[in-house]
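Pasting the structures here.
What follows is a pair of complexes built around chain A, which joins chain B in one and chain C in the other.
And then the complex of A and B:
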């Protein structure tokens, strides 16, 4: 046994013990709460609480240990070495904590633990069944952090692993050195957090988002509890506040992500329909649907099955998203997907188990339940033992769907009374359905890599069809190469704009409808004003923003969002009579509609004011550049751009950032004096008068300019072109920068000027990133000449210094 | 002679290499120094009829470069510098050497091309984006109000179990 010098072995061991303790505690809690619910025995419930507290303490212990390791820079631990280093500011240690796979699972576990403890106090009569589910989920999550081997199979991945214990390092000569920490220089400092993530958003966005994820577990647990007790709508009332809490936190988390992307990343906007973004949006949509169905069914159960389905599917979609983004199946289709790290089997089991549990609970009779369990276990065995995982999963999926249909027909359909067309519950139901469809469309498009995996076993079959029919679709299927949507943003927008239209339309009048049935006369009177106001605003909006008829879908969305804003805002004074106390839903609806309206206006009318006016084709630099969207600025040059003149003043290096200082000037009219010479095309003109330039030369010319008949060609080349304006007073400065990031690649970060009605968002796409770029080509440079103004290329075909795209 | 150097915006043709031997130069520098000049004809690649001339210099003293003077073309934002002029034995035709001639010796010149530093930037106007952020805040506040109201109603109902809602 080697005594390693300088290693904090005890910390790792303590961490491992705590991880096992958290697993055992969760398992104890699950079993005790389960028995407590079955036997209605308080003793078991008390033991369950004890188990959950043990689990909670262990989780807290793990969190504290991991923070300690990060703060103390114990680089012998893989997690610390990979995610932190000595240079980074301490305030970003929290970001290191959840940058990695294990840390983010820990964060998720932590929030579940917090919410579970609140439930122990608050759930009262529902405690035992609800906590059974919560603790069961914790068992799975605790497994993810165990990192122990069962045979050849590693269960989870521990953040307390020493680098020398990593499978790839086992048996390497240096692991036998007792003083390896001191002897090997790379252990002196960690690899560090990706500088891109050294940002305050990284401190607040993940905890918020994960609290949102965690809060979807509570409605799920209540739904399972309701089915367990066969109290099909009693669970809704206690689950409701949790559902809306989840909607609030998850929504905030998602939008924080959007704000981060907009403020600090150069995606060119706040939403890019990236798989990871979608993965958090989809459960939010279904959660909103579930929340609204709960409102309906709390009063009078009439769409219980859908309520269960949406509530359960929300949590399952969280698990699915976790699977999608963390198992590595997305491969390179996402800009920020995590790598596999062998998490795939564990995550898959996690996901499939909770799908099975949900279906099992929805099945009404014992016989069918038994049958379902047997078939599921058989499929599991087939999948694992015969290595026919994909076949087994597909079959399992088909059986689940069959079971759900049968459950609906046997247990729910007959109990669901017909609703009146003009009842609030009917339209809430429709709205939730639309949200589900919208969520399904996004999931479907995001899951293309998963479909390719699932279709792999049928390659030959599809190949055979393709051969017989000559269909390129089947040929694609047979090669398992369904491509994810190419123009992702356009693809999603095309589908989601109509969904958004329907949803916002429903939001606008939904609240004005009464439960059961509505007095249509009264309804029309109440809604008329909002409708007219929205119509007027839309007409003005269309004229101001110049929407064309071809953009009818956008005009429709403009109208429906405005309608939703106005109708919900007016709901408070007209129906609630100014009572803000109950105005929460209306305010939230106004907010939601404004988010969509803002997204619609800002993205559909975004305007690339940067246009290349220089004598160099930008495509020469890079194919991705567009002369109509990118501007080339020579240092020190002042160029017209949109409503301003812009000047690339200079660049400065601040730590890892290369900052480009850009000055913006007002646009002033240009004055010409008698005798000034200007060039227009291939002609020269001399001014006859002192005058202020108009908008167009042709308008100015007859009165103010006379053409020069003969002149040497050289004069033409050097004459200035006629312009109507000139730079005026400086108004503001922007400083977009490029983060020099040798390990992860350079990243351009934007700089934005905010006005009340619009933003000017700028980022550098291509620049010379060397500070002093001159190599003494100008040995006789007189004093005062700024050398670094020049970029030198010694031989004709040397590539450009550095480019970023 | 006749070699060309192409850069994204310009094409330069090496016209000739000469030593500068006028009396003023000689008087200023003395006999120890040799001044070489390269004559370049430069074509603007985006206005093909636009030609410029450039004449960068390099000063040698006893075989060592001591100074140089680059030629700047402000209209093209380009600068040509002469780094070296060497007499080398004629190699078989290859890269960097002028066209092979019968001469035993050829002139090999080192040229630096410098272009004014520039960057490519994208600037986008997002109109009405504040509507979106205001919406975010309202959505948060509204939902919060709704949650608080539900929790309050819930506890009130529990206090008076029979009143319903």
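And then the complex of A and C:
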């Protein structure tokens, strides 16, 4: 046994013990709360609380330990070495904490733990069944942090592993050195945090998002509890505030992610339909659907099955997203998905277990439940023992769907007459289903890599169809090598714009409908003003923003979002008579519609002003190549770009950031004087008058310019080209920068000028980053060329354009 | 037929439409041979950078054109025109996913590229460690 020098072995051991304690505590709580609910015994519930407190303390302990390790820079620990270093500012310790797989699971567990403790105080009569579910989820999450081996299979992954304990390092010679920490230079400093994440958004975005994720568990737990007690209505009232809390927090988290992407990352927008972004949006959509159905069914059972389905599917989608982004199944398709690290089986079991639990609870009779359990266990055995996982999962899916249909027919199908067509509940129901469809579409397209795995058993079948019909679509399916849509944004927009249209349309008139039935005359009178106003605004908007007829879907969405804003804003003074007590929904709807309207206008009216004017034309290579993305600037250059002249002044290094200073000038008309000489192509012209240049030389020429017949070639070279404008007064400066990071690669961060009506977004695409080029290097350069190269890409988001050049 | 049945049918139809639509819009992973066999069709080609050939990026000619040579997973070699500025870390990339199409002259025209850079962790630690170990002996 070697006595290692300088290791904080105790910290790792304490961490492991705490991880095991958190698992044991959660298990104890699950079983005690379960027995407490079964036997209605207070003793068991008390034991359950004790177990959950033990679990809570252990989770807190793990959090404290991990922070301590990061804070003290104990680089012998793998997690600390991988995610932090000495140079990093202290404020990013939090970012290091949740950058990795284990840390983010810990963050999620932490929020569940906090919410669980609130439930123990607040849930009253519902405590036992609800806490059974919460604690059960915690059992699964706790195993993700255990990192212990069961045979050859590793259960979870621990953040408390020493680097020398990693499987790939076991038995290497250096692990036998007692003083390895001092002797090996690599251990003096960690790898550091990915520069993309060294950002204050990384400090506030993940905790918010994970609190949102965590809060979807509570409605799920209440739904299971309701089914367990066969009280299919009673669970809704206590679950309702949690649902809206989740909608608010998760929504805030998503918006923060968008703001981060736009303000600080060089993605060039706030939403790119990336799998990781979708993973947070999809559960939000179904949660909103569930929340609205709860409002309907709180009063009287009307669409209970859908309420259960949406509530449960929200939590299951959270698990599915976790599976998708963390198991490595997405592989090459996302820029920021995790790489698996052997988490796939654990996450898959986690997901399938809760799907099975949800279906099991929805089945109304004992016999069918038993049958479902037997079949599920049989499929699990077939999947594991016979290595037929894909077949087993497909069969399981089919059986779940069959069970759900039968459960609906037996227990939920309404025997009462259908609700009126013009009732609020009917359209809320429709709206929730549209949200579900929207979520499904996003899920399908994000899951393309999963289809490759699931469609494998059908390869021969698709191949056979392809042979018979000669269809290349089926031929692609049979090779099972599908990649995500090439034009991802266009693909998602094609589907989501119509969904958004229907949803915003429903938002606008939904509240004007009454429960049960609506007096249509009154309805028309109340809504007419909003409708006309929205129509007028839309017409003005279409004219100002120059929407073309080909963009009819965008015009429709423009109208429906405007309608939603106006109708909900007017709902408070007209229907509520100014009473703000019931105005909450209207205000929330106005906010949501404004977000959509802003996203619609800014993304559809975004253009790149950095036209690449003086370089070779890329379209000779490929017609689809975009020529206008980047503009090239040498240091000191002043170039026309959109509505400004832009000048690359200089660059300065501030710590790890190479800052590029850009000056923007007004565009002023150019004035020529009598006798000025300009070059146009291969010809020289002399001005006959004092005049202000027009838009085109050919228009100015007859009145103002005379061609020079003979001139020395030297004069032609030195003459300036005719321009219609010149740089005017400086208006503002932007300073995009490149964060230098030799280990992860440099990261360009944008700088954006905001006006009330538009933005100008600039970032460095490519630059000579050597500071030395200011001095010695420049000598080697031909005259007229400095070595610093500058490429900037600017795209203003212009909600209301001034004039399009 | 009750109204709820109509709604259910519409929902199922749209869901199936979305499923088929997402499959239909999908691109395809392929190797260079397949891409060359269908010039003009969009593929995702996975491969690595051929470090023995030069990376040509001349911003003064065009700031949005990078030309280099790639090797696909079968080891086939091909010239790539990428319609983007040269990514800062191209030289160090360990895996490339090129999105684009082959042209008639057997070159690959990439509209976009995803790049995976190595986590230098393992190699570095091992190299350094063995050095230190042998130095000690």
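We adopt the following convention: the second predicted complex is superposed on the first by the 735 of 805 C-alpha atoms of A that agree within 3 Å, B and C clash if a C-alpha of one lies under 4 Å from a C-alpha of the other, contacts with A are read in each partner's own complex, and residues count from 1 in each chain.
Methods note: a contact is a pair of C-beta atoms (placed from the backbone, for glycine too) under 8 Å apart; a residue touches a chain by one contact, two chains touch by 3 or more.
On a predicted model such as this, the values are computed, not experimentally measured, just so you know.
When both complexes are overlaid on chain A, the residue A:441 reaches chain C alone and has no touch with chain B. In the superposition on chain A, A:177 makes contact with chain C only, not with chain B. Looking at the shared chain after the overlay, A:718 reaches chain B, while chain C stays out of its contact range. Once the two complexes are laid over each other on the shared chain, residue contacts for A:68 go to neither chain B nor chain C. Contact with both chain B and chain C is seen for A:630 once the two complexes are overlaid on the shared chain.
Contacts of A:594 after superposition on the shared chain: chain B is touched, whereas chain C is not. Once the two complexes are laid over each other on the shared chain, residue contacts for A:574 go to neither chain B nor chain C. Residue contacts after overlaying the shared chain place A:766 against chain B and chain C alike. Counted by residues of chain A touched, the larger count belongs to B, out of chain B and chain C. Put simply, chain A uses residues 615-616, 618, 621, 625, 629-632, 765-766, 789, 791 to touch chain B in one complex and chain C in the other. Those residues of chain A lying in contact with chain C across their complex are 82, 163, 168-169, 172-174, 177, 180, 183-186, 191, 332, 335, 418, 421, 430, 433, 437, 440-441, 444-445, 448, 451, 473, 476-477, 479, 481-487, 491, 495, 612, 615-616, 618, 621-622, 624-627, 629-632, 738, 743-746, 748, 765-766, 789, 791. Every residue of chain A that touches chain B in the complex is listed here, in rising order: 237-238, 240-241, 244-245, 247-248, 251-252, 255, 259, 262, 268-270, 545, 580-599, 601-603, 605-610, 615-618, 620-621, 625, 629-637, 641-642, 646, 648, 660, 662, 713, 717-718, 736, 754, 756-768, 773-775, 777-781, 788-794, 796. Taken together, the chain C residues at the contact with chain A in this complex read 2-4, 7, 11, 14-15, 18-19, 21-30, 42-44, 46, 57, 59-65, 81, 83-86, 88-89, 92, 95, 97, 99-101, 103, 109, 111, 114, 116-117, 119-122, 124-126, 128-130, 132-133, 136.
Per the touch definition, chain B reaches chain A in the complex via residues 5-9, 44, 46-47, 49-50, 52, 57-59, 65-70, 75-77, 79, 81, 83, 110, 112-151, 154.
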